[in-house]
Structure formats: structure tokens, C-alpha cells
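Every chain is named by a letter (A, B, C and D) in the order it is written, and numbering of its residues begins at 1.
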Amino acid sequence: MQRIGVFVCWCGSNIAGTVDVQAVSDALQNEPGVVFSTNYQYMCSQAGQDIIKNAIAEHKLTGIVVCSCSPRMHEATFRKTAAAAGLNPYMVEIANIREQCSWVHKDMPTGTEKAIILGKAAVAKVNLNAPLKPGESPVTKRALVIGGGIAGIQTALDIAEAGFPVDIVEKKPTIGGKMAQLDKTFPTLDCAACILTPKMVDVAQNENIRIFSYSEVEEVGGFVGNFDVKIRKKARFVNEDICTGCGICTEKCPQKKVPNEFNLGMDNRRAIYIPFAQAVPKVATIDADYCTMLKTGKCGVCSKVCTAGAIDYTQKDEIIEEKYGAIVAATGFNPISMDKFDEYAYNQSKDVITSLEFERLTNAAGPSAGKLVRPSDGKHPHTIVFVQCVGSRCAACAEKGKEYCSKICCMYTAKHAMLTRDKYPDTDVYVFYIDVRTPGKAFDEFYRRAVEEYGVHYIKGMVGKVSPEGDKLMVQASDLLANKQLHIEADLVVLAAAIEPDKSARPLATQLTASMDTNDFFTEAHPKLRPVESPTAGVFLSGTCQGPKDIPETVSQASAAAAKVIGLLAKDKLTGNPCVAGSDELMCNGCSSCERVCPYGAITYVDKEFRMPDRTTRVRRVASVNEAVCQGCGACTVACPSGAMDLKGFATKQIIAEVDAICR
Amino acid sequence: MNNSTENLQKEIIRSSGVNPKKCMRCGKCSATCPAYDEMEYHPHQFVYMVENGDIQPLLESKSLFQCLTCFACIERCPRGVEPAKLVEAVRLAVIRKQGANHLKADDIPALLDEDMPQQAIVSALRKYSK
Amino acid sequence: MQINGEFQPKIVAFCCNWCSYAGADLAGNNRLAYPENVKIIKVPCSCRVNPMFILRAFQRGADGVILCGCHPGDCHYTSGNYYTRRRMALLFSMLNYLGIEKERTRVEWVSAAEGAKFAQTMNEFTEAVAALGENKRLEDLRCKK
Amino acid sequence: MKVSYFPGCTLKTKAKQLDKYTRKSAEVLDITLEEIENWQCCGGVFTTARDEIATKLSSVRALSEAAKKDQILVSVCSACHNVIKQTNNAMQTDDEFNFRVNQYIDEEYNGEAKVMHFLELLRDEVGFDKVAEKVKKSLEGKKVAAYYGCLLLRPSSVMQMDDPENPTIIEDLISALGGEPVIYPYRNECCGGYIALENPESAKARSNKVTDSAAKSGAEIIVTACPLCKYNLEKNGSEIPVVYFTELLAEALGVKEEN
């Protein structure tokens, strides 16, 4: 018989608010095997852990039940606590009375009743627990960074700097991400290219970094320390190793009418292209959707002009398989579509643009060579209206936009407004805002400068409608402080579109078995204390894939994620999972059912000598589990017709005991 | 807020189905309102004043009868507040009282011209009278 | 079980550790309410659920049993949920034959990102089971108090 | 195709053309319009207050009638369509309202009917391509401005006809008839509506914005589905003729009587 201690956590009011913790510990006191039961405000705190340690010593406990938050949160903590007190860590079971009880049930009686039942199930299980000893697994000392924007770049550089090899997978033909499209960066106004492109070159030159551009993650298997990843290197129809990036092909290609995504479709590129001058890798890519040669078999101009002979129309997608110890998601963001906000006439006038388009318009390498002109007629705009919070901070019931604040818009709009007034003092600039949110070092000072020194008109209110009339945009807006409705005749309207995670993030999260929130941002293992780790071991988060953030914040988080990766890769071995399958050889009849269902090939058969009751010996074929290979899924336990196969930590008896406890 | 104002506020919130607390004070309703210049209290003020129980001035305001029920504020509000429904609920609180019809049937003939469609008359009666 | 004259079904939910248990946690993190009738048992993979566990649950008075696992193709163990799907298809049709309505049993794929789906599934399932009333078919009278 | 038809009071009096040309066009397009028996005025505007019951009962009766016949309920007047569709939505989504309404009517009704504007019927059931096939007299070269006003599109969560800010349904019809649709920004702004009765100045200001905007965009003719919109635009001195879209439709289909 076990001697079980029950420890009920209040989690402040998180649990105690909906669950009568005293009643739970009292009720569990009377369960079979329980010799000690108590409750405490924060079981995971040092004081709480001391209670557990002292109780183990004092009551000679052989098993522990902690009724607390999800085992995904603190199971490891309490196992360590038990181990420190000399108890086998696998004698600890958690009853999840927070995520699966107090947080989802509203009133005290139901919450308490359910918590007691969950506690009883855990006690019933622990009664049948046995001490386990984990095996060890090696760590592949290589990291994968998915996404080659500033977040992925910084993470990769930091990991490489520590001496570990890193691969960057970027779906576009070049790394650089959104930052490469920006003109200047707030609040210091350094040019984005000037600070980003040297880092891109560092990446290209770092011996520890490989770049898989124009590539996507196809499949992820394995687990922390031992991920098996398949990467699809999409055919770019140009041999990367030979292409010198001279760009002649991109000038000679006769297909000139391809919308240039780097300039957000505001100008055209050729069917063979290098996204921008400082691209890394600087090699051309053929856009198969537009290439005449690939579509009709007639053309071949690029091949003719390429002196290096790098063009290869027969190139196929390539699958690269690689092992990684850690994976970093750095998939970034995009501005949302403005389709549902056509009161601002984005789809009705070329002169209504998003802020990212404004960046390209003011960028010296952009479609207008840095001259701020109207996309419709190339004329200089004299009145510009900026609209903030377009699609941000929308209630779910409004059925459009995002509920969150996109965080970066206030600052970049202040930047746009200021730069416009600086370069074109004859321009009237209006900014319509709901709130100006500028928390950050030197941020508010920046915004005040835009108002006080540059004379930007900040108006508290919102634009209700933009009406394109002739070559003007009639802006109807409210000025809440003056209690007036304004009608402004504008030449250009700039919408601060909300940002959302890149569409590739959700399928990636599925492959990584990483969690996401309802907005498709990756969730962190702990919102405060583990902000750069995903709850899935070995998967880390970098940049805006975790939530809206500006460049300084992105870079900090990228370095933090790198630090976590380095910490993992620095280990030679990881402690494995001891919850593996095992066969009772006396019951096994050697039928091979388990072998056939095992996805890892962990089960083999051995001929073994058994002593029979009549003292003779007989050789029988029995299953044998390779514990280093077994991942503990349990498929074999169900396939086994004789009930010989069982799973440690999730034994048939244990689960049945839980079922019984719940149905009691 | 005294008791009767509080009850009136509750009644307006209940019958309109609007939760003024959802408002984030962006003013888009007033930015989009075609009748803005005819109103002394504008859509965003309706929301704010109902939320604060400052309802008496609204009851006396001509703004109640200037709203065109064009649903533009409802359509464009990013928070789904639906200010026009509040305006309607306040207006009903006024005209449902005995003798408080804003438009009386007897007044109508004087307002008509021969082309005026029936639709205008029934709509106005619905909006201005019980 | 009757509480205040209202039938409260007992529901056992087996959740795989990687997707569905995390999905249930996410429902909690987002405070998405579902009925307290649902009690979760964590298993490493949905394929760990032996038909025997389900029979045992009904025998001991459960009114509904639901299995949640990773989406097909996303199993942490590559193929475990496919086993589950095939095993349960057989088991559930047999149970249906025995008079345990198919609405009392269910397999649902819930990923770690689908907190809302988890809560919604549990709400629907509980409602469906509650509508059927108490399950008496397999109940072992010796287990009755 | 047989559908239930709710003409509305204005179509029987001041807006007879709207009704007449709807019927004529429907005939050409093999749509049988079965007029709801003993229909009553929809009230012209949907009172958004949830406790307003009596004024919505006529719409509920029409809806219930159509549901019984398992027919789509079609109206062509913007106002009728708006009131009926919003009432139906309230019957589906507002339990309290539904319960109270059902206290007043004989047979229980829970929003089963499908409500469509004639435009939607043409787009979704007939198909504009089929309409185009029946065109006898193309509107070729005619610059037509569609005037939606408020009631066809808003609130979009209920009306679900088209994008409330950048609609295309009437423009697509115009194109199908061979005309050249003119896009102008005020096509979904209010004409002033019933304010014409009490504050004609306000209605004038609203209407002029619309007609000026259409005129600036080069429109030769404005089409609308709403008698009150037509009245306001015309009364307040539109330089461009305003007609019902059904009139243009009938003209293109070759069934318009020459006056």
C-alpha cells in the first residue's frame, strides 16, 4: 500500500476563487492510501515545495498528488521537488484543477465537486504508480530557424556565434523580411537597409549558417533534441551555386508585366527577378506563374543572356532531410487585407494606400525612387491624411479586423508624418487617432516632436468615409475634441492597417505540434516567464509570430530565443521519457501484433527459455521493447491480444483506476 | 444618478440591445453620420451619455428626430456598438409617453406634396409617433 | 446522476497528451467554459485507449465517452490516431448494436491550438448525451451504491 | 421558378412602375411572382428596438405565408426588403422577440423563410449571365450610376447582399444589360429618407451630395430600387434622370412599353 500525500494549490485566487480548496483537501484525506492532505496558496513557490518535501520526510510518503495547474505547466517542478526529497519523480501525479476546472467552471459547488473527483482519480492512479528511471537521448547540435526576417536573422546569428550550425528556411527568394521593405526606422530614423543589410551579409558569410531560400518546411518529426525535418527547396530554375547575381537576365526578360511583390504591386518586375539589390542570396529566381518558357516552352531569353549558364528550366523541387536539436519559429507578419474596410476606398482609389505601401513610396529603392508621389498620377500630394487603427482594436462582434492593438502603427505613423513634413514642408499632414500609444524608449518624445516641431495635425477622432472625387479624396472625419465633423480634401490617404501573423504560421504550428491563440499567434510556454519558448519542448519563438512587436523588441526576443536554443544545444544528452512500453513475457504468446503497429520499430522478438511448471524448459518467442527507441504512444498495448504489453506510467490498471474513480 | 434615471438607462440599454461599454471612443460613428450637422448631440455622445446615465438632455434633444436610421454608424463601428439603436431607444422613450408623438397624423397633410411616396409617410410615422 | 431534479451525465474524456490535452488547457487559458460533467483522463496518445477502458466506463456508470486526439496526419507518434479511428469505428458500431447509442461515443480531433473547438465539442457532446438520458445498458449493478 | 412576392404599399400607388416592370421582367425570366395574399404595409422602417412587436407583425405574417408555401419571399422595394429581412433575422436570433411575436400569430414561425431582394434573385437564382442572354435591347454605351442608398446593404451582417462599402450587385446587372456602370463614392450614402417630410433641407443636402457625386462621375442615368430614394433625388433637383432599376431591366429585355 502506498503512503500518499495530497497537496492542493490555491494558485492565489485562480483555483481558490472557484474551488473550495479546503473541501478538496479534506475530501481527499479519506481516499485509500492517502496519509496526508493539505492545501497552500502557491504550491509551486519555494514555501509550497518545502511543504511537499517536509511531508515526504515526515509522513514517509511514497506517492504524491498535486492538485494544481496543468501538468504541462508544473509537472516538472513537482517531480524535481519529489526527487530532491528522495522520492522517485514518477511517483508524482498532477490533478489539473486549474485549466480543466477552475478556469472553465463558474461556480464554487460545481468546481469543488469536479476538483475532488479529479483528485480522486489522481490518487487512484498514484496508488498503482511504480518508480521509473528515464533513459537518455543525444542532442543533435544543429538548429533550424524558420523565417528569414530580422527575427530569424538575429536568432541565427546569435546561435551561430555560439558555435552551433544553424539553417534558415525562408519561403521567399531572399532573406530580409519586412524590414528590408522599410525606409527609416523609429525612433532614431536610421535607414532600415543600412542596419539590416550588413546583418544579411553576416548571415551569408557565417560558416555556421546555411540559408535555404525559396524553401518551406515540409514535414517535422521527432522530438526535442532529435527533430527530423524535411525541407522543400522549391525549384527556382536557376542554379544557385553558379548564378553570380549579375542581374542581366532580370533586365532582358521580355515578360515585364509581373506585379512586383517587394513593392507591394506598385510597379512591375520581370518573370525572372532578384527581389532587391541587396538580396541574400543574390541569385535570380524564375516565377513559374509568369515565365513564358516554362508555360509555353518558347522564349529562353534568360538562358541565352546568362554567361554563367545558371538557368535550368528542368529544375525540380528538392527535398532536403536534416536532423535538428531545436527549431525556432520566426514566421513574421503581414498587414491585413483592406477588403472589409472599403469605407476608406482602398479598392476604389489608387491614392488610398497602406502604411507599408507608403514605406515603399518613400524608399529611395522604391517604385518612385523615394519621391513621395500619388500612385495614380505621379503628382506630389499636398494634403495627406493618415488613419490609425484600421482593423486593429475591432470587437469580435464587428466581424472584421482584429481584436488586438497592432502596437507598431502609432510610432510608424508618427515617423511617416514627421518625415513627410521634414522633406516636404509644403504638405499638410493630418493624423486621425483614437489613442496615441507610445510606450518605449524615446517613443513619446518622438511623437511629440512630430506634433510640436514638425507641425503634424493630430486629431482625436476617426475617419468615417473616404470619397474619391475627381483627383481628390474627400475625407469625412470626426474631431472629437472640437465636437465637429470635418471634411478634408486630401491628395493621399494612408491607412495604418492592422498586422496579422503570416498565413504559413498555422500549418507550421500543426507540424510542430505547437499551440496558437485564436489570432494565430504562437502561444508561449508561459506568457511572462517563458516568453520565447513554445509549450512544445524544443520549439522556440522569435519575433512577430508570437505577437505584434517593433524592431527593437523583435531583435531582443530573437536573441532571447537564441539563448534558449544555445542552452539546449550545449547539452550532450537529454533525459528521455521513462514512460515506455514493456511486455510481460509470461503472458506474451509471440503473435507479432504489437510489432506490426509500432511506428518506431521498437519491438523485436527474441527466443527465450522458460521453465515450465513441470520443471522442464521450453523456448518461446516473446516480444522485447527497445526502450531507447520506444516513444511511449501505447499503440502496442491495445493491439496485444493477451494483455501482456503495458505502458509504464500509463498502465492499463492505472487508467482503469482513473475511470473507476471518475465514474464512482 | 437617481433611481428613475437609472431605470431609464437600464430600459434604454435593454430595449436597444446595445452595450455602450463596448465603445472605445474612436468617434467613427460621428465621422460617418450624414445627419451630423443637424444634430446637437452626435452619435458618439449618445453612446457616452447613455453610458453615464446623462439621459435627460438627450430626451429633450432635437437630435432624436434627425437620425436617418441609415445604419452607417452601425455598419462602420469597429466595436459593434450600434449607436443608431441607442438613438432609437431614447427616441422611443420619449414618444411612447401619452401625447408625446413628435409627428401627429393631423400635421401630415400640410407636409405632403403630390409626389411624396407613402413610404415616407409611414416611415416618418413609425419613427416619430407611437 | 440527478442534481436538483436535472439529469447530469457523467462524461469521460480521453485526451492525448500532445494535442487535445493541450487544447483543453488552451480552453482553460482562454476561459472558454464547458460543462463540469466532462472529466479528462490524460493518455500519451489516443491509440493508448483500450476499448476495455470505454467498456469499463460504461459499466461503471458513465453516460458518454469521448476520445480526443491529434488531427489525422498530425499525430505526435505519426500514426496513432489512425489506429484509434479504426478501432473506435468498430467498437462504437458494436456498442450501438448493444444499445449504447452512437451519440454516447465520439472521436474528435482537437489540436493544441483549438481551445475553442475543445470547449465547443464538449458543450455539444454533453448536450447530446444529456438529451439521451441515463445510460443503463452496460451498467454493472454491483457498482451501484 | 415560383416565388412569393411582397410588393409593398408604395408600389401600388406612387411607385407603380417599379412594380410593373418587376412583373414584366420576371415574366421574361420565367419567374412567377405569387403575390402574398392580404399582405399589409411593412412599416417602411425597421424599428431596431427589441421590444417593438406590433409594428413587425405584418412582416412576420408575410414571412410565415412564404414559409408555408416553401417559397422564397421576394420584394423589390429596398425598404420592404430591409424591414422583412431584419424582422426575419430577429425571429431567428432574438429568442425573447421570437417568443413575444409568436404570442400574436396563429401558427408558430421561427424565421424559416428565405428572404431575397429581386436583385439577389436575379444574381443568385436566375444568374446575371442568364439575364444577359435574354437582353433584346442592350443598354450599350449608357453610363448608369447605381444608387444603393442605405437599406439594401445595411446592416450588412443581416442583409448580406453585398460588400456594404464597395457593392457590385447593381453594377453587375448593369453590365449584364450591356450598360456601363459608373462607380461614384456616394452610392451607398443616405438620401435623407423620411426626413424629407419634416426637414426637407436636410434631405436636400443629403440628396444633392449623391446626385452631384454621380454627375461628376459622368453618369447619364441613376438607377435605384427605392421609391423614397427616387423621390428625394428627383425632388431635390437631380440633373440626371432617376429611374427604377427594373425599368432599365425591362427596357433591356424589350418589354418596356413606350409611352
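Throughout what follows, contacts are C-beta pairs under 8 Å (C-beta built on N, C-alpha and C of every residue); 3 or more make two chains touch, one makes a residue touch a chain.
Only a predicted model underlies this, so the values are computations on that prediction, with no experimental measurement involved.
Two chain pairs, A-C and A-D, are compared here, and A-C has more C-beta pairs in contact (counted per touch definition above). If each chain is reduced to the average of its C-alpha atoms, the one that sits nearest the average of all protein C-alpha atoms is A. Separation between the centroids of chain A and chain C, computed from CA atoms only, is 29 Å. Distance between chain centres (mean CA atoms), chain A to chain B: 47 Å. Averaged C-alpha coordinates put the centre of chain B at 24 Å from the centre of chain D. In chain C, there is no position where the chain touches two or more neighbouring chains simultaneously. Residue numbers of chain D whose C-beta contacts span two or more other chains: 165, 189.
Under the contact definition stated at the top, the residues of chain B that touch 2 or more other chains are 37, 72, 75. Pairs of chains that satisfy the touch definition comprise A-B, A-C, A-D, B-D. Across the interface of their complex, chain A is touched by residues 22, 24-33, 36-37, 42, 44-45, 72, 75-81 of chain B.
On the chain C side of its complex with chain A, the touching residues are 10, 12, 18-19, 21-22, 24-34, 36, 39-45, 47-53, 56-57, 60-62, 70-71, 74, 76-80, 83, 87, 111-113, 115-116, 119, 143. Interface of chain A with chain C (complex): residues 70-72, 96, 98-101, 103-106, 110-111, 113-114, 117-118, 121, 221, 506, 509-511, 513-518, 523, 535-536, 579, 597, 599-600, 631-635, 637-639, 647, 650, 652, 655-656, 658-660, 662-664. Per the touch definition, chain D reaches chain A in the complex via residues 157, 163, 165-166, 183, 185-186, 189, 213, 216. Touching chain D in their complex are the following residues of chain A: 339-343, 345, 347-348, 399, 465-470, 474.
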